[in-house]
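Each of the next two complexes has chain A plus one other chain: chain B in the first, chain C in the second.
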Partner chain A sequence: MRAWGLIRLYTILVYVFMFAPIAVVLMLAFNNSQFGGFPIEGFSLRWFYKLAENEAIVRAFKTSLSLGLLTALVATTIGILASLALVRYEFRGKDLITTMLISPVLVPETVLAVGLLIFLRWLHMPRSFLLLLLGHSIIALPFVVLVVQARLVGIKKEYEEAARSLGASPFQTFLTITLPLLLPAVFAGALFAFTISFDNITATIFWRPTGMETVPTQIFGMLRNSVSPEINALGFVMIVITVGVPLLAGALARYFARKKT
Partner chain B sequence: MERRPWILLAPALVTIVMLVVVPMSFILVYSFYENIDLAVDRVAFQFSNWQALFLDNYYRIAIWKTLRLSVIVTVLAAVLGYIPAYFIAMTKFRQRWLLLLLLILPFWISFIIRTLSWIHILGNQGALNGLLQWLGVIDAPLQMMFTEATVIVGFLHVFLPYMILNVYVSLEGIDRNLEPAARTLGATPWQAFLEVTLPLSLPGLAAGCLLVFVLTGGSYVTPLILGGPSDYLFGNLIHDAVVSELNWPMGATLSFTLLVLLGAVVVAYSRLMGLNQLSKAFR
Partner chain C sequence: MAGVELKNVVKSFGAVTAVKDVDVTFDEGSFTTLLGPSGCGKTTILRMVAGLEAPTGGDILVAGKRVNDVPIHKRNLGLVFQNYALFPHRTIGQNIAFGLKYRGVSKSDAATKVKRALDIVRLPGVEDRYPTQLSGGQQQRIALARAIVIEPDVLLLDEPLSALDANLREEMRVELKAIQHRIGVTSIFVTHDQSEALAMSDKIIVMSDGKVQQVGAPEEVYNNPANEFVASFLGASNILDVTVAGSDQDSIALSTAHFGTIPVPRSRATNLGDGSSGRLVVRAEKLQLVVPGSKVTGVGAKGTVEAVDYQGQIARYFVKVGDLQLQAMNMIEGRPFGAGTEVTVQINPQDCSVLPAEVK
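Here is the complex of A and B:
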């Protein structure tokens, strides 16, 4: 069918549009040229060495990494607790509370950032790492809640009720029955939260204390009408971390699941 | 009343109330404060910030520009995104999971890297100019960067996956027998699509449009990276007021305005469609 062929071609072109620029960054990271763009002048790893020697970038990297991990911890913990309440209990005002919990995605991030900044300033709390951590956690919370809730709906209440009727406390039931069944969603939510924090720039520009840089704000500061080769190399490293690690984890999980059966 | 759900909800609720609900109300109060000097303001109840917002053409132009750009990006995203979503939903291709995985992949890739990557494509030293020069179509590189068009391309590139995913989710939910049924009743393939599939996929399309519109309307970083001096959005005025001019009361006024403008769109959408469709993409 001709129409279907056109649809397929169109789809391929859209995928090219989505991935060609990213492929170019990955490629240029290995370019042995002193400029960040084309033409390609041969293969080299020197920009990765340069990257490892650049103290500002290494510092930004450590900041982003610890911020991302802590955000994942905070957002996942409070997100799981809230999801349990929303899925397992009936109470009044549930819709309102659900809307409130996902409100950080409904509010434009710029507004969220300025609002929180001005409010905390009024409370005489200056910008700090803690502000970044709390801020990133609220931005990530809706995604964690949505992911965990979706999984929790699929876990039968009967398992928990059986454990309870056999004498387990609610906390024991959670630890030995619910949590293990929920684990994939916990990982997915934590990964989501980490990526959201690691990637965030819109709000981070407002919240970061003077002198503190995360990887995205560092890259933003390094951009001056052109892209330096170091940025390409840094882009390569970031993509490997945020794409490679989850893909590998997913593939491993699938491999072990298959091995068991 | 049972206490346990409230204990479970407490940490999340306290966090959201203290860090989102209260600050969002607070910026309205703060918009009446008076700015005295850089980063110095005074508690007051006066309207100079609001007066500036309503009387100064500068702000009106920014609102107009933001609305215009958001509409352009949303419409282009819908046009670009619908067909791939249709292909993924309807294809008999065995590796469909791969197409879906590729669709989710951009969400994991750094926003700033994806945005600046367009400098490699459209810049003077970029791939497109290189290709055109190599083909002999042009002699000197075309000046394509730092225009409104590059800003639009940058937004599309980042927001397109939201659109495709939302449309896909609603196409996926349509009964596969409906289109063949319409065909046996004499409809052409195009009619069957227009009268059966398209209307049933509208909730997903609407959800995608809402997301793209609101995300574009609230941005400021993309124009800073890919735009020229005249390519600014309302968010850029907020960024300037807060980060460069240190005029916090004006920053609060502008933020509250953006919240109301985009909030109105979200509320109108949720009245029409409900917010459930938005969360479907996560399942």
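Here is the complex of A and C:
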């Protein structure tokens, strides 16, 4: 019994250690003090207003948002096509391609970042938004493929065969049968991709063109000068987006699923 | 409506040859069953007719036209699967109307056709439900409705009844056959269930190991099996080694180890010369057990009941005659014979068929 008590205590401490900083950021975002730390001097939204007025941050925010959305679009599109090929067709080198698609998860991000950079040097291509988009898509792709593949395996191929026997071309079959059945996984994959892109910092630092900031690199840059209370507010916004969007999507998916049956 | 023809069709999956040189026809408007044990290539043949697999060799003809290179969605076939394969995200109405959309049928015409199809499968008024809200039997009816509403040239059914429970299966097979008869569509039905095949088919194609073993009407295949495989696959059969001892105008005398000499009618023992050896086939239900001492019709031998499988009106007996293990399916009059009972096993020569000894 004593041992279990200790384990319980230890577990609680681990969770406190993990979540306390997040809780602190969330609280301090509303602190009406000049400095980004304790003590709390009263409730205020001033740092959020400051945030909205800070052009650099707004610009970084827009960059992150469009980068995240585009990454989601690219990674999801490629992910769906790759999953279809891997699950529905037999061809030589399938295992190799699977490994290659999944490998960005396994390779340390720094290595991946440097590798892509060297490759572009060799091609004499400058760093650009497009490169950043490409890089983020590579990092996000494995997650999309894993999620979509898992779902696709569960969709019986008889559905597609039935549709085709009834007169639907392969493309029409994809649009009317496969894609709708795949939709939950497509949403989940797109969300993963967006979130992964939205809070990526390591690779982004390597790949971004000079002068371009995403929210994480912007925060990183600001931290080098001082801990501004604005950063707490920005942290709050990021947490809301990266946690809130998937939760909302999950709730929506459940709502629609319930409406159907 | 159209007949289907397979000409020397071969299908290999890598090293496995699933279909070996199959040459069969499916007559226009008929109900033909592909019957055989698991893995004998039934589904593969059906999928090649459907256009889901390409034959490795040979030709497939529908209505006299070679369709090898026609993609499935241009073949106008109705396909019914074992697991129904109704689109789960679409209502029953949308499921049935799915194929009509690609045939340029207007919305209002489609609604009428869907209604008529639902009437045919006796499930009117379920248009707005989703597949999961129906029972297995109902789902299979919808799958059938979806396949026939497009007025296919050929209806392909791959073990459509095997996911249903026993009672429903028998009910559905009567109904399925009636629907097929009514709309007169050429149907190819796949099953490994011999009673299904016997009950429903105009013609049965018995297969084993990728090859056609026999083609014929149900009673033909059942009563005159072309070889031992067909004999033992369709119902339980007893197979005895025999040699031809002599013959006269009407019958051939076959000598057996345990039943003495059996005079089998000539029509049942074709092309067996004097002295040649053969195999005598007696169906389990034709092997009669009687109390020792009673009058025997045909030939008889003493035996002992080893085990009884009681099935209500009938019983299946496992009998030992000398070193021979035999099976008998008999109607029960009074009480069934118990295990250990001494009986006389009788064979009526009219019920025998004879095959040449198989060259091993």
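Just so we're on the same page, the second predicted complex is superposed on the first by the 242 of 261 C-alpha atoms of A that agree within 3 Å, B and C clash if a C-alpha of one lies under 4 Å from a C-alpha of the other, contacts with A are read in each partner's own complex, and residues count from 1 in each chain.
Rule of thumb we're sticking to: contacts are C-beta pairs under 8 Å (C-beta built on N, C-alpha and C of every residue); 3 or more make two chains touch, one makes a residue touch a chain.
Only a predicted model underlies this, so the values are computations on that prediction, with no experimental measurement involved.
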item: Partner chain(s) touched by A:156 [first = chain B, second = chain C, both, neither]; value: second
item: Contacts of A:125 with chain B and chain C, given as first, second, both or neither; value: neither
item: Touching partner for A:179 - first (chain B), second (chain C), both, neither; value: neither
item: Partner chain in contact with A:104 - chain B first, chain C second, else both or neither; value: first
item: Touched partner set for A:249, first chain B, second chain C, both or neither; value: neither
item: Chain B versus chain C, judged by how many residues of chain A each one touches; value: B
item: First (chain B), second (chain C), both or neither touched by A:58; value: neither
item: Shared contact residues on chain A - chain B and chain C; value: 170
item: Of all residues in chain A, those that touch chain C in their complex; value: 156, 158-159, 161-170, 172, 176-177, 180-181, 260-261
item: Parts of chain B lying in touch with chain A, wherever the complex brings them together; value: 1-2, 4-6, 8-9, 11-13, 15-17, 19-24, 26-27, 30, 80-81, 83-84, 86-88, 91, 99, 102, 105-114, 116-121, 123, 125-127, 130, 146, 157, 160-161, 164, 189, 214, 217-221, 224-225, 235, 238-239, 242-243, 248, 251-252, 255-256, 258-259, 262-263, 266, 275, 279, 282-283
item: Of chain C, residues touching chain A in the complex; value: 50, 52, 71-79, 81, 83, 85, 87-89, 98-99, 101-103, 130, 132-133, 143, 146-147, 150
item: Sites on chain A touched by chain B in the complex; value: 3, 7-8, 10-11, 14-15, 17-22, 24-25, 28, 35-39, 77-79, 81-82, 84-86, 88-89, 91, 97, 99-104, 106-112, 114-122, 134-135, 137-138, 141, 143, 145-147, 150, 170, 195, 198-199, 201-202, 205-206, 215-216, 219-220, 223, 225-227, 231, 235, 238-239, 242-243, 246
